[in-house]
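In what follows, subunit A forms one complex with subunit B and a second complex with subunit C.
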Partner chain A sequence: MMLGQLRVIYSAFRLAMLHWIADPQWVIPNVIAPFVFTFVALTLFKGAGGPFGLYAVLGGGMMGMWGNTLYSSGFAIEFEKWQGTLEDVMATPSHLLHVIAGKSISNALFGLTNMVAILVIASLIFRVDLGVASPVLFAVSIVLTLLSVSALGLIFASAFVLSRYTQVFANGLEFPIYVISGSMFPIALLPFWIHPASYILGPTWGIEAVRIATAESIVPTVFWVNLSIMVVITFIYVLLAGFLFSKVETKARRDGSLVEA
Partner chain B sequence: MPMLETSQLRPEPSKGKAIVAEHLSKTFRVTKGVLKRTKTPVVAVKDVSFEVDHGELFGLVGPNGTGKTTTIKMLTTMLIPTSGTASILGYNIQKDANEIRKRIGIVLGGERGLYTRVSAVDNLRYFADLYGVPAKLRDKRVEELLQFMGLWDRARDRVETYSKGMKQRLHLARGLINDPQVIFMDEPTIGLDPEIAKETRKMIQELVEKGKTILLTTHYMFEADELCRRVAIIRNGEIVALDTPSGLKKYVMDTSIVEVEGFGITEKEVCQFREASEVLAISAELGEDKQILKIQTARGSEIISQVQEILKNSRIYDMKIKEPTLEDAYLRLVEGSRR
Partner chain C sequence: MSIIRVFLSSAIFSFKAQFGWLYPPMWLTMKLVMSLSQMAFFVFVAQFLITTGHSAGPDLVAYIAVGNAMSVLSWNTVFSVINITSHDKWDGTLQLVLATPANRLPLFVGRAMLHVFDGMISVIIGLAYAALLFGVNFGNANILLLFAVVFLTAVAMAGFGLLIGGLSFYYRDPLVFANIFTFILLIFCGVNFPVQELPQLLQPISYIFPLTYGVEAGRKTVAGASLAEIAPLIGQMMIVGITSIVLGYFFFTTFERLARKTGSLESV
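Right after this comes the complex of A and B.
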């Protein structure tokens, strides 16, 4: 990737961070809510044994990451329209994809801090033993899953450029992804016809890699296979998002749908 | 005020015209109805052609909703024309959109279009990055622009705490962040206090003195008269006249303006004037406390008795005959041709 594109991604990331700091009300739905979810799950399954603690923590963390990403993808466009800046941004030589990518990564990162907080609380208050066998592989898989989640958010963001119902779509897409990516419980528990949808989601493989990294006996090959599949899927997401953004931008320039509808 | 530094990356201006619009048209499809939806074509701009020289300040004037902003958006690559084409600095708006975006600045104006929760510095740095301003130049240019706009003292404050005039100056600063050769300004003084509007006009003039090409839309005729070398008057999406301000005034050289200030003048009486064959065009400001009519006529003082007759039920405070201005020419071209 060109240095200029990375600079645009970083600049959008920085601006999103500044907005988060300037306007911390988003902490409630995006940080506190997943935390409460984890708290409830750990309380319900306290002493149940098995990997419940892990699922509760991963589920809460994934909820934070995906919720933030989806929110940022949808709201990033809506926010630009509200501020009246979408046209100004699209009138620059930078690709809107890179701008939204920066915002998407920034929001997923906030979700990740939520996961870290959940991990600490789960360990200190609920004494959940996640038994992270390989902290390094755990960290690698979490960071790559975060990027995969961000890339998935980009695909949805392209559609949000055109629609005035972004918030409705964002709300509707939030829970299905938690469920079918296997963050809340193993996808084996889902009906078999949902499995293809699970397998085309990069985060499904990432969550599995995270889970493997916490297992007592890691099978490195399985870990890396899962992670590699996720990387390939994420790469396809980015290519697809780039293609969709180009198409959507052309359509928006033809229809005049860049301003607040 | 410090001079803006010209980017070393900037290529020499292209030969020929800075802006060339050739038969530009734009039709939007508007959805009507709720249960039974139908798409209706609405023509926003129709067959617009003009050229702007390098270093020229060109005005595009017309009433609201007549296609000024749509024209600017097509020229700045934000909208794709339905037909026709245009080039900026020799680059085609459809084929070379990115090359154009690097070389132009856009000032859309108004209170929106800025990130109000962050500072002016953060707004400008962000857009500098989006425009690919070299990192070593960025902060220097941000400071220079904020100094130039008189915003440096409040540069670190959140934009939401700025007055309307300060926001407008920040818009201007952002439009200059990439040191553009051509600047498009869409009603840059709308809604500003007279003093700040005057200051803004002064800044616009300084930019022209520095060699920038500016296309400005406005519906303030005195502004177009004061600033623009040439003015195109646009009505219902079509250019109805294009000339220098003095050239446009010639359209109304054979007329005089009867200006009436009174109380109790109603819309019905204004309609009576519109129907009178001696009246070429009329503008009416029907305020609560007083009403002002500007009647264009070729008969000069001969019309006064007719004015008194139509306004016999109203109180007339003052009536005078004036020389026509650019606003009158505009009124004649826009209002007169509707008759």
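Right after this comes the complex of A and C.
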């Protein structure tokens, strides 16, 4: 990648970090939903033993990570609109995709802190044993899942350029993704016609890989198969986001619909 | 007469300010998705327990489905109502609202009223999902009584939304409160598990939320309870709801007085 493009990504990343530092209260809404869902699941699982506690805590942690990353990446364009800076960003010679990618990476970092917060809170309050059988595989699967969710967020972000209705969809899609990806239960429980939707979501494979990495009897082949499928899906997300960005950017410039969208 | 006019204007404009930009088909789509996804999430968590032999079965699914169908109204009556304050601040309309000579009580209460009906629609959609997708039996329910329970729960919860919205005037970003108070209801209000499952220290908190009584009344009505059987719950819920409105109005008027006195309306 060209040095100039990296500089754009870094600048967008830095600016997003500064925005967050200036207004850190937003960590509360980002953490509250996953925390509540984890609390409810752990209360329902109380006394069940077995893998239930781990399902709830890991699922909650992943939700903390996904919710923030997916929502914030998609919301990156809308935020520029609110601040009245989208036109300025579009007027620069930098590619919009690189600007949003920088923001997405910063959101992913916050997502990671959300996950840690959920894991710590849940394990302290509910005393769930968070023994991780393979810390290395666990870390690898977490980071790659985070990138996969960021890439999914980029697709949403491209749609934000065209329409403000995407905000409604991004809000409304958070919970369905928690359901479809089987964040706190095996996807085998979902109706069979939902399974294709589950399989095209990177997080579905990511959470499975994370669960395998924590299990005492790790099956490396299954772990790597899950992770590889997720990487392929993520790659497709990035290609799709790149294609969509070039299309919507041109359309918004041509139609002059950037601000009214 | 002018009180009714202020009440209706406040109800219509507050709702329009928040959702006027949304096409009705989009609004309906979101309602259909939101009502289903929250309920489905917890039902599948329950089915995880059931399929592994850790829970009895259909009773738990029905418990969770009806609880979530009732609680989904908190998106309208708590999240949206608190956000009226956010919109007033973001859009710069708070000053205009407070500059009018309109009676403050209908102005304050009216702003939540269309959200009550919006919330009722959400609950009806949720109950339909509970019956059609998760097999909840409504055969014993008095449907008219169930509508009344849903309406009164929505009114009482809008009162709670107004209370938090009133408090939020003192805060720069009420959206943060909106998020917190919409979600913690899932813990405290017996939506997915009985209040008695909470640590004893936390249980009293459940009874400051009108939804706790509304969810229980809704479940009992679905199971075939009569008006006489749920009347105490409804009575308690309305006391909590009305108290919330009175407190919210107190915070709202106090904020207005302070802001006028100190000239801090825009800086808050």
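Criterion: the second predicted complex is superposed on the first by the 254 of 261 C-alpha atoms of A that agree within 3 Å, B and C clash if a C-alpha of one lies under 4 Å from a C-alpha of the other, contacts with A are read in each partner's own complex, and residues count from 1 in each chain.
Following the convention adopted for this analysis, a contact is a pair of C-beta atoms (placed from the backbone, for glycine too) under 8 Å apart; a residue touches a chain by one contact, two chains touch by 3 or more.
Everything quoted here is computed from the prediction, not taken from an experiment.
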Fit or clash between subunit C and subunit B when superposed on subunit A: fit
Which of subunit B and subunit C A:Pro176 touches, first, second, both or neither: second
First, second, both or neither for A:Phe39, with subunit B first and subunit C second: second
Subunit B versus subunit C as contact partner of A:Pro93, first or second or both or neither: first
Which of subunit B and subunit C A:Gly84 touches, first, second, both or neither: first
Partner chain(s) touched by A:Leu18 [first = subunit B, second = subunit C, both, neither]: first
Degrees between the directions from subunit A toward subunit B and toward subunit C, using C-alpha centres, nearest 10: 90
Nearest Cα pair across subunit B and subunit C, whole Å: 9
Where subunit A meets both subunit C and subunit B, residue numbers: 23
List of subunit C residues in touch with subunit A within their complex: 21-23, 26, 29-30, 33-34, 37-38, 40-42, 44-49, 51-52, 54, 173, 175-176, 179-180, 183-184, 186-187, 191-193, 197-198
Residues of subunit B that touch subunit A when the two form their complex: 28-29, 70, 73, 76-80, 98, 101-102, 106, 108, 110, 112-118, 122, 125-127, 129-132, 135, 158, 174
In the complex, subunit A residues that touch subunit C: 23, 25-26, 28-29, 32-33, 36-37, 39-41, 43-46, 48, 50, 52, 55, 164-165, 168, 171-173, 175-176, 178-179, 184-186, 189-190
Touch list for subunit A against partner subunit B, complex: 4, 7-8, 10-12, 14-15, 18-19, 22-23, 83-85, 87-94, 99, 250, 253-256, 258
